[in-house]
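Two complexes come next, and they have one chain in common, subunit A, joined by subunit B in the first and subunit C in the second.
Right, the complex of A and B next:
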């Protein structure tokens, strides 16, 4: 087998509404992630990226439910494991998570070290208290976090510090995959930089083997990730390397999304700042054909018929019925 | 002095100031009630007497004896002077019994009735509320409306209904009093059994009301805590449900502890209605009698006791809260 550490096949997860409707927020997502790589997942609010992040953890809390598909971590399909097996053997050990609102992710009445003790009791019961304390202090020091933090309550830490503490806690068991759900969204630029540095050093030191980084801040993805997936209405619309996705997008949605970057990177100066008109479709009743059709300025009649399947072009995957060459010609014409 | 020490001293000063104001009001308010206590007593004593001179002499003797012939300011100074030495004056209605003696005989009855009832009700109420929030489903659908119903009935109505049904109609419990009037209080088994029989109905009425209020509060707090981010995060790191339940209920308990301390503090004053309905020989019944007889010293004595208990309870909450909730402690420190 390849060196894929995470493989997701046809993952479908849905929210059950009060009216018992099934709303598929993740609708047939497949991708793989190699050891040592970082994958970025981008998209507008409501495109299903945070739901995907939660779904990858294998735990489903109402109203979110598992539909179908597989999540294979290091050769094991975690969706085939029982709940208790998943909790005891996978959560936090194989795959770990940094929540979107890390500010509130810590129990306000528990000192950091006691939370770490509780985690260790579940996963490394052979360690005694002293060993856990030493281990935590050593890890925090390695990650340039003051060990004093360990003996603080969450409310005694600043926002950026809390976020870095959460990252350190999430990775204390050296998980193979780390899912970071918008870890920088609530932070100022300085703290963002510190968080990115921390994530990179985790990878470099081998504390984590791969990273899935979810954000709506695209310039960040260019810095952090090797590959980028763009999601729209629960589906992957395009996947490529960060370089390709930002400077040479195929799908019209990727093109628009990259055009909406607020802080242009070097080489992107002169690009016009553009918002994407319209809103994503209601996932309760997705339109036939391409889900982006209503907002696409290159929409064809054939776009609204049948199911649009993913296409491959070399190492890239995209979901559009128009040939890449034709699209690029259109983009070039428009730029003039 | 430490910051926390300063905080306590400052708090103590404020509570002391409140006490001084309370003492002043305790003295003034009863004396502002319409009517003259001496003429009430004298008219009762001199029933059948025709000699107006004697009646006048009796009247004046009592006026001097009670000290209410002097101007109000002087009376207050005497009251304060006596207060410092622990002398609360002599009761008018039960002349010449000292107020402290009456209070001392009443307090055990009030505490004996209220304290176990509040503790039991608090404990059961919180357990029910927590279980209702955690289990949801049928359990919640039954507990919640019942608790709401019990909590909405005015206490005197509930007490009178219970008295009517269980004491008058079913004849299971005695109608009034703290023990059988034919008995002389001794340390005998029979006396104890009598006390217990009289104790049951008022005890149950308080327990019932306390359960209702506590269960509603605890259910709300638990639901709030169960939905907080740290619960999800802890789950995703593989911490077992029983441990997470402990986090949740510890945090949900915090406001409930304030509630407990407050109801213990207001126990003496809160017992008024219950004791009157069940003619229980505690502080409440004495205060009721004192007000009817315009027994100034006894009213002041009862209200002083109530004020002291409330202030003491609040001060205790301030002290222990900083210790159990780091967020409160941080806020307390910031005030300095």
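Right, the complex of A and C next:
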């Protein structure tokens, strides 16, 4: 029995356009997540991070379609389950998902407790109203949220508070994996910290076992997650521990991403930020070879031929044909 | 940084919304002096009054008390002509690029309108040259964009197009209200570098409004930290960030995740 709580093999999902073309937003993604670990997914806008998160839930609504591959959560391949089974047994219990801008999804005419009652009616029908209330109040209290929130309407709460409430509601069934898609990007730094604290306390208290955190804020990932995956044009280009990815990136794209970090620390002023020229390729017709080739400053002739497979170096995974040692030499030369 | 003349000066600015029980003071007794060619950041959490202050500087909101001096003279906004003259010199970039464009106008028309606004007569070739120049300033290709509608562009491209407009109009004062909060980290660094370039090439004064002290530190010369309508700390960026005095500034800095030191999550 492996300790992997989430395993994804060769996942391909596509959007079908009006012209019946298939645009692969997630193109052959494989990764695994161990029990108790947290994983960060980073990348530019439009690289497929959010589509990947949506695909992991197992629900596909047009124009998104499932292509091939497998998603194994806790030993069960969820793509082999029926829709009804998936809804009743997997979503919310095994895996839970907080979409982008989730706080705007709360119905303004209903009190917060109503959303929790709604979940319980489906998943724990044996509980009566009083029990649901007690349970919700207890959970909110342990998470440092005031139980008074349960009585409020969504418009009475601030943005940061709404976001924390949504997270508390979506983890009320103790899902094994929580997927959080940009939970902090619409918030200011103070509320952002409160949301991160909440996620940490969910992990510490065992309400959730593993976390997949999607964001483009790299300093945030560095503090929250154990491992980081960087995606580009629907593919994973590099995976490593947070420490390795921030300070010792292998892939040229990761290197550039790390160069765009801005933090209030000494030496930041006058520091040259790395800007990546050009735009990501159109996924409708992806170029042959490396998808980053057009924007890479270390591009070789061989980069544009064949399919670039991902390589492993120790515990690192990267998708580049150049040897890591050679790449690091180039980076060092450029820094001089 | 060149120490030039004061471009705009505010004395004891206050803005009160509502009256009686509902009275809220959004900005309270704020004084400032912004110089030509200076980049100023106004930093504070949501609801600290940064945007209200910016709107007063733009002349979109009338101040409850206090006065604003523009280029050494009290600012006049009473007549239509006055306002038009003032707004020729003041431009703004807002947070949400998706709502700052007219959806029915193509990119080409948007840029052409900028030329018309300046009131100069140019030949077709000259117009085209100007538009191309503005697009290349922000690393966009005019040939690829001119026939597109705003909704066909990504958020980063829209925000850059906004900066291309500013480049064509070259106002004296630019107010950038959280221009990077809706774009990803890569486009963000490009946009910040463009703001710096605008200042270096056109000696523009830029007011940068943000909640992220990291960004403010990177772009600006002077920082104003606002808490609940009051400026609690101000000074050169280096001093304020590396040696913060006020507890609120210290809290703001500690709330931002850093990479070379621990992030206190207790």
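Here, the second predicted complex is superposed on the first by the 328 of 336 C-alpha atoms of A that agree within 3 Å, B and C clash if a C-alpha of one lies under 4 Å from a C-alpha of the other, contacts with A are read in each partner's own complex, and residues count from 1 in each chain.
Here, contacts are C-beta pairs under 8 Å (C-beta built on N, C-alpha and C of every residue); 3 or more make two chains touch, one makes a residue touch a chain.
Being a predicted model, the structure only gives us computed values, none of them experimental.
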Label the relationship between subunit B and subunit C on subunit A in the superposed model as either fit or clash. fit
Partner contacting more residues of subunit A (subunit B vs subunit C): C
First (subunit B), second (subunit C), both or neither touched by A:189: second
Angle subunit B-subunit A-subunit C between C-alpha centres, in steps of 10 degrees? 70
First (subunit B), second (subunit C), both or neither touched by A:46: second
What is the contact status of A:200 with respect to subunit B (first) and subunit C (second): first, second, both, or neither? second
Going by the contact rule set out at the top, does A:277 touch subunit B (first), subunit C (second), both, or neither? second
By the touch definition at the top of the document, which applies to A:156: first (subunit B), second (subunit C), both, or neither? first
Report the closest approach of subunit B and subunit C over their C-alpha atoms in the superposed model, as a whole number of Å. 8
Which subunit C residues qualify as touching subunit A in the complex? 45-46, 139, 154-156, 183-190, 192-193, 211-218, 237-238, 241-242, 251-253, 255-261, 263, 265
Per the touch rule, the subunit A residues reaching subunit B in their complex are 57, 59, 61, 87-88, 90-93, 96-97, 99, 101, 104-110, 115, 118-119, 122-123, 153, 155-156, 166, 169-170
If we count contacts the way the header does, which residues on subunit B are in touch with subunit A in the complex? 228-230, 232-240, 243, 247, 250-251, 254, 324-327, 330
Along subunit A, where are the residues that touch subunit C in the complex? 44-46, 158-159, 188-193, 196-197, 200, 216-220, 222-223, 246, 256-257, 259-266, 268-269, 271, 273-277, 279
